[in-house]
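First chain A sits with chain B, and in the next complex the same chain sits with chain C.
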Partner chain A sequence: MRQIVRRVALRVVWHVARMASLILLSALGTVWLMRSAPGYFSDMRETDPRYAESARAELELQREQQKTVSGMTGKLLKGWLVGDLGQSRQYDVPVTTLLRPRVRVSVQLLLDGIIAGWLAALAIALPLSARRGSTGEMLIAVPSAILLAIPTGAMAILCLMLDAGGPILVLATLVGVRDFKLVYTLLRQTWTDPCFLQARAQGIGTARMMVAHLLPGIAQHLVALATMSVVLGLSAIVPIEVIFNVPGIGQLAWSAAMNRDLPVLLAVTLLMAVGVGAMSIFGAQMATVEAA
Partner chain B sequence: MSALHGKHPASLLLFFAILAPARAAAPPTELAWSLKSDPRSLDPAKVDDQAAETVRFLTGGVLLRLNRHTLQIEPSLASSWNTSRDGLLVTFHLRPGLLFSDGSPLTSAAVAASVKHVLDPATGAPVAAQFLSPQAVTVETPDPLTVRIHLPRRVVSVGKLFDEIAIEPSGPTTEGRVTSGSFTIAEYRRGQFIRLERNPRYWKHDPSGAALPYLRTIRLDILPNRETDQLRFSRGQYQLIDGLSADDFRHLAQTNPSSVHDLGPSLNTEQIWFNQSVSAPLPAWEKAWFANRAFRVAVSQAIHRADLARIAYDGHATPAGGFISPSNRDWYDTHLRLPPEGTSVAQQTLTGAGFKRVGASLLDPQGHPVKFSILTNAGNRSREKMAMLIQQDLAALGMQVNLVTLDFPALIERLMHTQAYECALLGLSSVDPDPGSMMNIWLSSSPNHQWNPSEKTPATPWEAEIDQQMRLLGASPDDEVRKQAIDTVQQIVADQQPFIYLVYPNMLYAVSPQLTGVDMTLLQPGVVSNIDWIHWKGDSI
Partner chain C sequence: MRRAAIVLLCALVATAASVLLWSPTGYATQDREQISAPSSARHWIGTDDLGRDRSVRVAAALLLGLAGASAASALAATLAAIVGVSAAFAPKPLARALLYLCDLFLTLPWLFLLMTVRSALPLTLAPLQSAAVTFILLAVLGWPAYARVTCAGTLRIRNADWFLQARASGLHPGRVAIRHVMPHLRPLLVTQFLLCIPAFLVSEANLGTLALGISEPVPSWGAMLLSLEHASAFSGPAWVFLPIVLLIVVLLLLQLLVTEA
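Let's turn to the complex of A and B:
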């Protein structure tokens, strides 16, 4: 047991160190890319004779403050260390005040979407996997292949146009379809274990076997898969929030990119990097525990 | 035999639950429409974007209000006002018994504080510059109902400026929470919505004595993705669309024809121009084409503007010849002489300037093939369609035109900073019918003099003439002199074509049939210009 704990602890340290370097690299990359993006030091209001003067004055000030990429990165990271995420260029308010309510919205959306997706995947995979024939599998293969082929944005637009479902449905479909295949394969393999085959032969009910033996046996696998759903959800959240106009961090990231709002974009990028990194560590640990 | 039999109502229920419409359309309790972005500031003095301007209009009480229909200045918080003969003293007499929304009295002291806040350089109010020497302006309050403003220099149409100064309580700005206008800000969630509530102490009443505004609450959704505007309107979630696109107009007209309104040509223009900046990183021969009047005129002649209006705007635009829209009746020059339109006449103009056609290509007098790119912003379908039509029109002359679409920041960097472009297609939104507001575009020294920004001295004699006429327009109190000046500028622009005007897009709005009292105007805030009088059909008022 002690050995397992030690192994897990070592892996956690390794993952955290890796995540910290990844965060640093993404910070540098984001600053460099954004600072070099065309139009970083421009403002739409410059073309409007009424507002051009104030826009130019603001830009001049920013140009003075953000002369070099290294200086900018240093300043931003220094602020991060003391909990200051900087000031939004677009809204002229602290980034934290923008992020706080939006993180809540996005987390809620992710939770709802992932839970709904998983429930749907399990609701279809559990009965199908328990069947002996492969008719059900074939029936579900076509629609799931079609759904997998549709890009998230297209799916969201379709829902919006048809007024059928909302962001949760899109996220749930995305998660459900991708996880269904994995869950189904896992369940199918488990059902063919000799112990389950024998139990079936002895006439033990499928539902009883499922609840008492099958699901507890594969719980760790399922949790590891669920962590990957979070990563998948994070990657889909930008188009979904933009199309449905959900005031979450995905929409904020898009708006920050469009408006060259570096402090906001950096904060959102790093937040997502931390989310993805944490989920990867968690998933990897589950695998370690399972292997041990 | 299957191990699990029967149906699975739980899974079916789950699917039906998530497939159900995202939000059922509930009967509206508040008037709702959308803003494209969050206001950059809720301090009414710092308004420097469209969203903030709308919020200020709805919440800010002003001394004088510009009637968006008649274009006359009308008394608002001030019951009367006058300017001295030399134009250096403006006196306002406030209505007695005025109150802010929190019940505190609105007196001359608050007016003086609000005006000073706007004129303070630290505030950075865009309207301050229109006072010409804002720091030298002094404000005097001889009694609680009188305000005297001393100007160091005469300001033409000074009354209009007070339409942009919201009167707030003295002290730090309440950011619209305490106002003297129709509404107050009750709730603001950045990136989501602004909820406005009726100001119970608003001074205005209808002829029957009922308090205005009629509406109790307004919700302004922050909706950067404007493509969903039309969907939300169709579902009854919004009751207004301010500035409908031609495509959306067509869709809505099919399903709900009584809700869409075309007010005719707006004051806005769509135009192309060639980069004539000396410092532009372009080959010398291209600079020579763009500086050549005949070249610009030929391009203008070759463009079939009626097709642009018909195809790119689905008929909801009017071909344009100059920078003043025919809707701007006071300033539009009905005698403007424009270059004749047509491909053959354009070819003649080019031939006269030494350009020659060799096969399918047009060559300049030095033998360089004429090819250039038109730069415009991505995502504006009408503009992209216009650019394609222009491409076809110019191909008939042998010009090879490419289209480049960029997002706004990248586009603006090229136009305003690097000058790395050949030809641009953009629009200009005109918010003030007085052409004096276009001073920054026409003065050759201005950074917004797009075709050749920030000229140290006018690059051409005709630009020097425009400068002179615009200065006259800005300084003269005589309306006839001003009209003469702007007519001269309109004719110079028509002759020289530094901006090649394409169309005046029509002003398109959508208004829910549930509303009554809506009186749309061409000027901003257009669809809600008479917000005080809008109410729900069937509501007792």
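Let's turn to the complex of A and C:
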């Protein structure tokens, strides 16, 4: 047992260090990209007549500091270490002020969408996988193939056009359809294990087998799949939030990308990278625990 | 099924090409007298908000989307093959560095990464340039996941007995790679190429709905979906759904091709 704990702990440390370096590199990449973007040095605030001469001088000073990528990165890193994510160029407010309420909105949307998607996927996959024959599978194959073929943006626009459903429905459909296929395949494979065939032959009820044996047995796989849903959801929230006008992190990222608002974009990049990194580490650990 | 999918795809492409060839108007030509007009002899499926022929625009979007996604997919598969095979045969530190590079691209969600990079490029590119940039970006950012798969496939080949025998017989590594490894990797690479096409079409459509894809007046799935954002399904003509329906049909056919491959 101690060996297993040690092995898992070592792997966690290794994954965290690797992920931290990847996050740092992706942040540096974002700084470099934005800094090289055409028009980066033109600031909207300069056109505002309310800006006094002193403020313009301050902007000029900031521009001087951002002349080199290394100087700019150094300043940003120093700020991050003390919890200062900088000032939004577009909204002229601290980035943390912008992020805090939006993170809450996006996390709520992600949670609702993923939970609804998973419940729908499990509700269809569990009874379908327990059936012998492939009639049910064929019935579900067509709608799931069609739903898989609809891009997130198109699905959101269709919902808007038909005035039916909202962001949660779109996210849940996206997650549910993709995960249904994986969950169904996993369940089908598990049902054909010799132990389940034996249990069936002994006359144990399907419901009892599911609750007592099947689900606990594949729980780790399901958790690993759920981490993939989070990554999928993080990608999908951008078009969903933009099209449904949800004031979340995806909409903020899009607006920052359109307006070259580097501090905001950088903060969102870091958040996204941390989210994906945490999910990958979690998924990898589930595999390690299972292997051990 | 595969043959049926190929025939249907070819039929769609041929229809789109003939619409473009026979139509008297271009995809950007505006008919100011016929703004949002219904179906007529002149405009088979009506016109959009700017008086442009909808059939011509849908046909052009289909051709451009398929051509661009196929080209981007070929580029991504080539990059994935180069990096994947190199990582499998390179000394350990270099292999680790290459796989680390793949992970770096995979650290951020795909669409988010695309959006970040696209926003760093000029937003006022010429329309055709924006189309080229969009598809090149898709290829440049889309290869890492496939490179990992290729690397795993190549490692399996590298550890095979016949491969060890070939190396032991003194065959040059370059010759082994070209004459023996690549033919074994071909099914994997073809599948990846086919997988990338629908993925890139979907990504282009999603980028377009964020107004970061191909710029107007060049027609694209994304731009057409974006223009539907403020349309109503009940008051407008049924033809407004055509871009979405066609996109879904094309994606379904491509998925069928991948499944059968």
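Simple rule for what comes next: the second predicted complex is superposed on the first by the 271 of 292 C-alpha atoms of A that agree within 3 Å, B and C clash if a C-alpha of one lies under 4 Å from a C-alpha of the other, contacts with A are read in each partner's own complex, and residues count from 1 in each chain.
Note that a residue touches a chain if its C-beta (ideal position, glycine included) is under 8 Å from a C-beta of that chain, and two chains touch if they have at least 3 such contacts.
This structure is a prediction, so every number in the text was calculated from the model and none was measured.
Judged by the touch definition given at the top, the superposed model places A:22 against chain C, while chain B stays out of reach.
By the document's definition of touching, of the two partners only chain C reaches A:276; chain B does not. When the two complexes are overlaid, the chain among chain B and chain C that reaches more residues of chain A is B. Of the two partner chains placed by the overlay, neither chain B nor chain C lies in contact with A:212.
In the superposed pair of complexes, A:124 makes contact with chain B only, with no contact to chain C. Of the two partner chains placed by the overlay, only chain C lies in contact with A:148; chain B stays clear of it. In the superposed model, A:260 lies in contact with both chain B and chain C. Once chain A of one complex is fitted onto chain A of the other, the partner contacts of A:158 are limited to chain C, with no touch recorded for chain B.
Of the two partner chains, neither chain B nor chain C is touched by A:5. Look at A:242: by the touch rule set out above, it reaches both chain B and chain C.
The interface of chain A with chain B overlaps its interface with chain C at residues 37-39, 160-161, 163, 242-243, 258, 260. Contacts from chain B toward chain A in the complex involve residues 1-4, 8, 10-11, 14-15, 18-23, 38, 40-41, 48-49, 124, 126, 129, 189-192, 221-225, 228, 231, 235, 406-417, 426, 429, 431, 437-441, 446-448, 450. Against chain B, the residues of chain A that register as touching in their complex are 37-57, 91-93, 97-98, 101-102, 116, 119-120, 123-124, 126-127, 130-133, 159-161, 163-169, 172, 200, 206-207, 242-245, 247, 251-252, 255, 258-260. Those residues of chain A lying in contact with chain C across their complex are 18-19, 22-23, 25-26, 29-30, 33-34, 36-39, 145-146, 148-154, 156-158, 160-163, 231, 234-236, 238-239, 242-243, 253-254, 257-258, 260, 265, 269, 272-273, 276-277. Listed in rising order, the residues of chain C touching chain A in the complex are 100, 103-104, 106-112, 115-123, 198, 202, 205-206, 208-212, 221-222, 225-226, 228-229, 231-233, 240, 244, 247-248, 251-252, 255.
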